[in-house]
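Chain nomenclature is as follows: A, B and C, assigned in order of appearance, with residue numbering initiated at 1 for each chain independently.
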């Protein structure tokens, strides 16, 4: 029972991080038709921003305070990186969707190359407050506190995002634009601003995802290649959930998190497959594609 | 202002097909001008080209402004309402949200809209995707009228609608045309005869006839220009 | 008439280049500054190895261009077939002690089946989703290799090819780098011939039609799926054959070098840099990319280089950064790639290259005056 509880819990935590990574991607694709390869970069940069802040500020602030600042820095770092990307590299290529995708690939490669040059492939460690490393006893299971954090932040973002999309004017514009960009323009609305906004929001969430991933699953270590490996899963979640659907991303993220953790637990170690969880996720993707090509909650593209 | 809309040598090519090969016409201020032609001749494309929704060359003057270089939203903000051919309401949004999106300022005329289309008020929270074709068309027309803009581009508002609804929408357009200029694409000739003052006929990518709506009384002319597609 | 003359001109240029490349291993000149190997001698092992890699990647890029440039399918998973080429060949030779040609045959058969199955699944979706799926499959393959199932792949540390089953001409020392060089060159030539034949044939024209306007094909009663799958499978087979060549050149298979997404991205960059949909563009792009990559590494190791201040030195010492930045610049300012540039310079008529036509198919350019 306690195994079941802790696996489920970590599955949800993983799902929360995937959701953070995937929902921005999904929105960007839904509104702008762009497969944003630089999303992995935003995740990595967010994590590094979190690390840089925690390391360079005086430790008199205290570990929890520093970590809170790390979180803020990760969000801002991701948002800033995304904003710059959209304005400098995506906007000039408006009307050339394939070029937009290619430019995000190039950016990803170039900046990760820079990071590799600066940091090597070594990792840096984010300082975290003690209680994050500890676990809380629930029933007979020991649930890691980082998982609580990930789930809490994931839920907070989900609700904020839903509120934003449903209650603000720009949220309505984005929802409409995902359906029919041209018609939004034909109502006299400058969709370009919505593009930048969506990128920035996506980047903010990606930055947070990057930081959380480092803390929850990577032993507080941040390395230049991290974001790109997380990106693959974000892509899978987006396709399974349906391009352009936030709720689809949330649902798919949970499912993928569960599948990954459960298969790792129950099938791991068999026939030498140490990371069968990853393979199962891809298998899941193949199954979803066969059965429902537009994803769980996607609209016809 | 001489004309609400002036189009000169408008050219549009899409995927290798040269749809508009030099369209030139003027729409005088006030009243309804009908844009006619056989199926597929480029009427919808003309409207979209005016709004900049397709790449085009030539000259387009909207309400005395040269807009050929302008992005769509800027052209629309001059005061151009658009009722597209397939309604294009946002199905995931509620009726209310669909209308809210169209608001350009605090003077949105919701009272007028709800008076004309009381159903929209009743179903304000309903998801637009669950409405009937006629109700969606109400949304489409309402949001074009919402701001009291001086120019309306209306594309086949009667398409796929029951005759009773067609008549109701014709009433609405008649009312609108009292205060605004309307460029109306329409296959239904009875609606055209009822509403339009002037007509512009397209064929083979250019304008082949301009004149008054009375010309439609000439059956031979109608058959020549429009083939047998003219619905009486 | 001019078209034929043009063809003859490019054939002459190609033949001359081919001849030059063929004799490189026999040329022992010392040429300073330019060469990527550690010794500045034309036919040194270092130089020959780099050039062989250039040819190998050129062939792979060509194969990828068939799918991406001609058929318009953005696949992010060609590394899967490259890796399967490398590893199946390696495993057959090293773990199972198979002789050369059966190992080769097995490699191609496995890759063919993989491409057929995975392609059929991936092509169920279009565009962006297709790209994501191919990426996912390739990544899964990476994980599979890293997992070292049944101790076949050697996991992280990789699998060095055993020389027992290779003919002596192919294995081991310096003199044999020459043979491998010529094999790589032959691979490129054969691939080019195959790609040329396919793209000039009716099938090739269907590929282009799929890229330009798939909907219209459906109306004509042609089912694009079969052709897309064919394009995908051909491209994948070429990538696998390239993998075989890779193993001969490098001698070891390591997942991070052979199966990671970086390989896919490199190939994509090569094709775009050179000019998608132009065949020789992919070749040029690949040769330049690989050459630059090695050359930049060599420069970064020079003593005078290490004295540069860090903000300058770090970016300049990372080929990935430089090439990525170059790629970004090309995508924004030179979308037709090198081939597009050359095309614009040499022909009077401003015919947009296939590459830029494809990329900017939003039609602004299609407005005929």
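In this text, contacts are C-beta pairs under 8 Å (C-beta built on N, C-alpha and C of every residue); 3 or more make two chains touch, one makes a residue touch a chain.
The structure presented is a predicted model; accordingly, all values stated were derived computationally and were not measured.
**Q** Taking each chain's centre as the mean of its C-alpha atoms, which one ends up farthest from the centre of chain A?
**A** B
**Q** Going by C-alpha centres, which chain would you call the most central?
**A** It is chain A that sits nearest the middle.
**Q** Cα centroid separation between chain A and chain C, in whole Å?
**A** The answer is 31 Å.
**Q** How far is the middle of chain B from the middle of chain C, if each middle is the mean of its Cα atoms, in Å?
**A** Each chain's C-alpha centroid was found; their separation is 52 Å.
**Q** Please tell me the distance, in whole Å, between the geometric centres of chain A and chain B computed from their C-alpha atoms.
**A** About 43 Å separates the centre of chain A from that of chain B.
**Q** Which positions in chain C are in touch with at least two other chains?
**A** Within chain C, residues 362, 364 contact more than one other chain.
**Q** Enumerate the contact residues on chain C facing chain A in the complex.
**A** Against chain A, the touching part of chain C is residues 74, 121-122, 124-129, 131-133, 135-137, 139-140, 143-144, 146-151, 261-262, 265, 268-269, 272, 314-315, 317-325, 327-328, 331-332, 335, 358-360, 362, 364.
**Q** Can you tell me which positions in chain A touch chain B when the two form their complex?
**A** 169, 172-173, 175-176, 178-180, 182-191, 299
**Q** Can you check the complex and tell me which residues of chain B touch chain A?
**A** The touching residues are 51, 53, 71-73, 76-77, 82, 84, 88, 90-93, 97-98, 100-102, 104, 143.
**Q** Residue numbers of chain A touching chain C in their complex, please.
**A** Residues 29, 33, 35, 89, 92-93, 95-96, 98-99, 101-103, 105-114, 116-118, 228, 232, 235-236, 238-239, 243, 271-276, 278-279, 281-282, 285-286, 289-290, 293, 301.
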